[in-house]
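In what follows, a structure is listed as structure tokens, so that the remarks can point back to it.
Letters A, B, C and D mark the chains as written, and numbering starts fresh at 1 in each.
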Amino acid sequence: MPLEPDRLVAMYRALAGSRLAEEAITDLNKQGVLRGHHSGLGHEAIGVAVGSAVRDDDCVQPSHRSGMMLAHARGGYSLREAVLSQFGKAPSAFGLGEGRPRTLTIVGLVGTWVPMSVGVAMADRLKGKDTVTVTFFGDGAANEGAVHEAMNFAGARRLPIVFLLENNGYAVSMPVSEATAAPDFAARAAGYGMPGVLVDGHDTIAMYEVVEEAIDRARRGQGPTLIEARILRWEAHAHGIADVRDEEELAAARRTDCVRNLRESLLAQGILSEEQAAAIEAECRAEIDAAVEEGRKPGPAPEAPPPLTADEAWRLTYAD
Amino acid sequence: MPLEPDRLVAMYRALAGSRLAEEAITDLNKQGVLRGHHSGLGHEAIGVAVGSAVRDDDCVQPSHRSGMMLAHARGGYSLREAVLSQFGKAPSAFGLGEGRPRTLTIVGLVGTWVPMSVGVAMADRLKGKDTVTVTFFGDGAANEGAVHEAMNFAGARRLPIVFLLENNGYAVSMPVSEATAAPDFAARAAGYGMPGVLVDGHDTIAMYEVVEEAIDRARRGQGPTLIEARILRWEAHAHGIADVRDEEELAAARRTDCVRNLRESLLAQGILSEEQAAAIEAECRAEIDAAVEEGRKPGPAPEAPPPLTADEAWRLTYAD
Amino acid sequence: MSETLYVQAINRALHEEMERDESVLAIGLDIGRQGGLFGATRGLYEQFGPNRVIDTPISEAGYTGAAIGMAMEGMRPVVEMQFADFVTVAFDQITTVASKMHFMTRGAKQVPLVVRMPYGVNVSGEGYMTGAGPHHSQSPEAWFCHCAGLKVVMPSTPGDALGLLKSAIRDNNPVMFFEQKGLYFTQREDLQESEHIVPLGKADVKRPGDDVTVIATGAMVGLTLSVAGRLASEGISVEVLDPRTLVPLDREAIVASAAKTGRVVVTHEAPETGGFGAEIAAVVADGAFSSLKAPVKRACARDMPVPAGLTARAALPGEATIEAAIREVLKA
Amino acid sequence: MSETLYVQAINRALHEEMERDESVLAIGLDIGRQGGLFGATRGLYEQFGPNRVIDTPISEAGYTGAAIGMAMEGMRPVVEMQFADFVTVAFDQITTVASKMHFMTRGAKQVPLVVRMPYGVNVSGEGYMTGAGPHHSQSPEAWFCHCAGLKVVMPSTPGDALGLLKSAIRDNNPVMFFEQKGLYFTQREDLQESEHIVPLGKADVKRPGDDVTVIATGAMVGLTLSVAGRLASEGISVEVLDPRTLVPLDREAIVASAAKTGRVVVTHEAPETGGFGAEIAAVVADGAFSSLKAPVKRACARDMPVPAGLTARAALPGEATIEAAIREVLKA
């Protein structure tokens, strides 16, 4: 079923907004105002596609790359919040709680979180719910044993889960071509008895369709899917870490552009006009600029979660 | 290159001898004379094929199933030793040392040993040797993360190693069909960029050919192979553990028979005569019977490794 | 009343809690049709079916992680490690995810998970697996005692096994539950049919005494009781204290006993260096400083792998070790 | 003489040992072209090439296991865990395989392996990663101290880092080597160009004193030295003892210092319960029993995950904690 024009425009809004927010945050890191960001530039289509395809009661496990665009595209996580969260003035997209679409918190060890998300899918199934879990991880994390165990377990029990592998060509300095001899990661799915789909992660619509199909399949009780989304990372692994790529390779990465792709496609189809596109971008930019200004001002934002106190941290160690 | 008749007869001798030794040891366990054996009945062709295909300076990592037939087929580990080892009166086939074909010791956690054998293959390559490592594990162990990491690493670096997966249909009580949705484990090889070969583990010649090809490939620097050998386990997982299979399933397993297969094939080809076969069997049986008698007699065999003393155990904790 | 083996007490606790609370489920290797290698889960599969008694592929990290996810969604999974030794494979899931999830989510998620671990050496030879060597005989409790967010339990009797496992299942935190596999088929106790709960965090005086306190866990409790019985005939009065829960530790009970007798021996089956006995010794040496008449002595395993077969005794503390330690602190 | 940062000392040790001995190689994540996230392996790839400086897929168990296999074949791999926290993923390989291989093969195989682990909190903010939260800030040394067959090393100065890493690489056993990441870019020391070796198993008195002994590891050594400096002006003489190697532990040096001062504080960055400070406290309380004038106090992290950012200080022991503990043992 082709996407309705207004869904497509909404996706474009989420995509363009995510790009602009990522740009702003990446710049603030380069300026030294913020530090440590894992830039998601180049990854936007993935988070937006998944965010647009899942229901609020589906569960999503973000990785360190696409968490922000995912939360934004799911709705309820504004660009303002996305920016303010970087200043510690709004909830982090990587651990959204109460009153938000269902999100699992990120764990600091890559791959380690994947079995946990399989457990969530299993709990949902045992409870008779028709919800689906989507769990993100990167090409690097894919080589962790925990991911293997989790995918095999999910396949064996036909659990309602989608494994979303973001292959951005590198794990820090390690190129995929040296990290594995597999032609693609989607090929691993056969070893777990699930479909493996390779998709161009710069193509938002293709991404959306693949994700939607995998989610439907899972919801119908037909088990998991492994989706490998290929993109290229625009920035270094994280702020503060040098990039091992040479200028040529970096420039080639930056020539791929999911935002331009969707924009041109919607313009060509007449779903979006140049004016509309410009207006959307201007609105997003205004929201982001205001948020940056707000973020840079000293003092907490009123709606920020109160910072963790020593005493609260201590009490949080154990549940009652 | 087809196997020479005398090689085939030697293989038959190793195979029939392994079967008879396994039978004797399995019986001694059932009688309560010995305890804890993981019977290799039904698995013999795998150990014999690998043992016949590797060189003495190749390195083999046995699993708990096929270690004995492997050691025997490699040569230098007699049926007498195989039987006596069960009484603690000869070195264990699972940790052969000095003066024996190169063997890695077994580790008590399944799957856990596989990265180590990859490291051995890597060391050999870095040293410029042309040796190959063959590492055994079961269908159950295959679902461990360590095995995934090891296979991927070996694939990425094209290491000279062969992964020998013995799929006997069960891990203790867990049938393969419930442990994974994969149609076969050989399908996993593609995800590591190596060939995956499915072979009938009841067919000694087919096993040998597949193993030989994989070893040649590895020796030529073309990287690893995953071989899945399908057999059926004749006995319960280990002595002292009840079998969850019903009589019918067990009987079907026991109708598969690698020894009979090879015997009939060699007879049909005129490589072996009934008399020769009977003579081989009688010789093996005599050696085994004598060893059982020797084993059951009280007191240590003169050539047994001295039992570990408390003091030696203590000193072994650290190397100098 | 019925005479209950240690392994039966575990089994009873699982049955009772699964009957009481639908959200309790069992997960692990060969726990379903096989009933567990030691038989601790026998009958559960037949009664509760495959959705609550979940056999898994051999993937300790995978199924422990899955259990953590289920626990976060309000279920109460009881994971069986086939042997405590295998928990090393799932170590990351437990220490990285389970122990810190409540903290990381600022209290939004709890992880009411129990990990059952048959540990230690079975020198008695009863049941499955006598002295099974370095990879099937370890006592790894101390690792988990040094990981905030986890609780650690180690029962020494059928009654404690029953009552503590029930408490562990009802607890809202991840609980590492250590079952000594030599006790499975050798310890028996008459237990009431009625509900039997032992709260976490409470030590138990297994034998009162005045001259010396022996703080013992797991299989060491029984050995210490027989030493205490023998020494009584010499007029030496030994108090045997079993902490039962290592985290949270009942410091008050330990310090009170130490203060009373002034002489303390700590014994466990794990190697001495960095073992939980060091923590107990440190707590005693601090809390009972002015009452101590002798230095605290540890009677633990030697710092070495556990040899196979009966050579295991070369590593393990036994009655003689415990007795010697008692006599030593009495001399001082 | 050249002024050397802690991270440069590590780098120098690697360079020197790889030059000296062909069988030494480095293996880990991003240690080649990237030179390591903290720069500890910078220049190795360029000098020794991809066969001796081996970048690996993200597979901590896989590459640690591979390193074990290489070590068994006579190589001397130095594994870098990108953060000490990630060693949980490789925990099984280290505790099941590396620590027991010499024992299991009856001495036929040695495992001369070093696992380098950047651990702890970097509150200084210099270099990479300030207070990085529960999964990038831990101090997991105690787990490995409770695993016979492993050695455990924890240097607090550039000189010790250099000399101990060289010894660790030459040792024929698996050595867990803990580098405090806050020290990487803050600790500097003038070091001779000539060969500098510090033997494993020898403690070092970082400041002699008479009134109280503080036994400190890693980043706690520097903090204790500044406390000691301040207290000196009050006439309080603090001896600061750094064990440097935790396994094997220099018990003689520790007991001797404790016997001399009669008052002991133990401080480390890991949480108190079950930490290695418990072992040290137990050793002191036993070995120096009759000399102790006060109970041994531990000034360690609280039993909680390490919060992100500067809230980490809520968990960590700091100068104030150490000073308070010193004053407390002096009162008694």
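Assume contacts are C-beta pairs under 8 Å (C-beta built on N, C-alpha and C of every residue); 3 or more make two chains touch, one makes a residue touch a chain.
As the structure is a prediction and not an experimental result, all values here were calculated from the model.
Asks: Could you tell me which chains are in contact with chain C and with chain D alike?
Replies: Shared contacts of chain C and chain D: A, B.
Asks: Just to be sure I understand the contacts, which chains border both chain D and chain B?
Replies: Joint contacts, listed by label: A, C.
Asks: With chain centres set to the mean of the C-alpha atoms, which chain is at the far end from chain C?
Replies: Centroid comparison gives A as the farthest chain from chain C.
Asks: More C-beta contacts across A-C or across A-D?
Replies: A-C
Asks: Any idea how many Å lie between the Cα centroids of chain A and chain B?
Replies: So the centre of chain A lies 46 Å away from the centre of chain B.
Asks: Could you please state the distance in Å, as a whole number, between where the Cα atoms of chain B are centred and where those of chain C are centred?
Replies: 37
Asks: Where in chain C do residues touch two or more of the other chains?
Replies: 56-57, 59, 61-62, 85, 88-89, 92, 96, 103-104, 134-135, 148-149, 302-305
Asks: Do you know which chain B residues sit against two or more other chains?
Replies: 107-109, 112, 143-146, 148-149, 152, 156, 178-180, 308, 313, 316-317
Asks: For the complex, give me every residue of chain C touching chain A.
Replies: Chain C residues touching chain A: 25, 51, 56-57, 59, 61-75, 92-93, 96-97, 101-112, 148-149, 151, 172-173.
Asks: Once bound in the complex, which stretches of chain D touch chain A?
Replies: Spelled out, the residues of chain D in touch with chain A are 29-30, 32-34, 37, 55-62, 85-86, 88-89, 128-129, 132-136, 302-305, 307-308, 311, 313-315.
Asks: Would you tell me which residues of chain B are touching chain A in their complex?
Replies: These residues of chain B touch chain A: 143-149, 152, 155-156, 158, 178-183, 185, 187-188, 190-194, 223.
Asks: Mind listing the chain B positions that touch chain D in their complex?
Replies: The touching residues are 95, 97-98, 104-105, 107-109, 112-124, 126-127, 145-146, 148-150, 152-153, 156, 305, 308, 313, 316-320.
Asks: State the interface residues of chain B toward chain C in the complex, per the touch definition above.
Replies: 36, 107-112, 140-141, 143-146, 171-174, 178-180, 240-242, 244, 307-311, 313-314, 316-317
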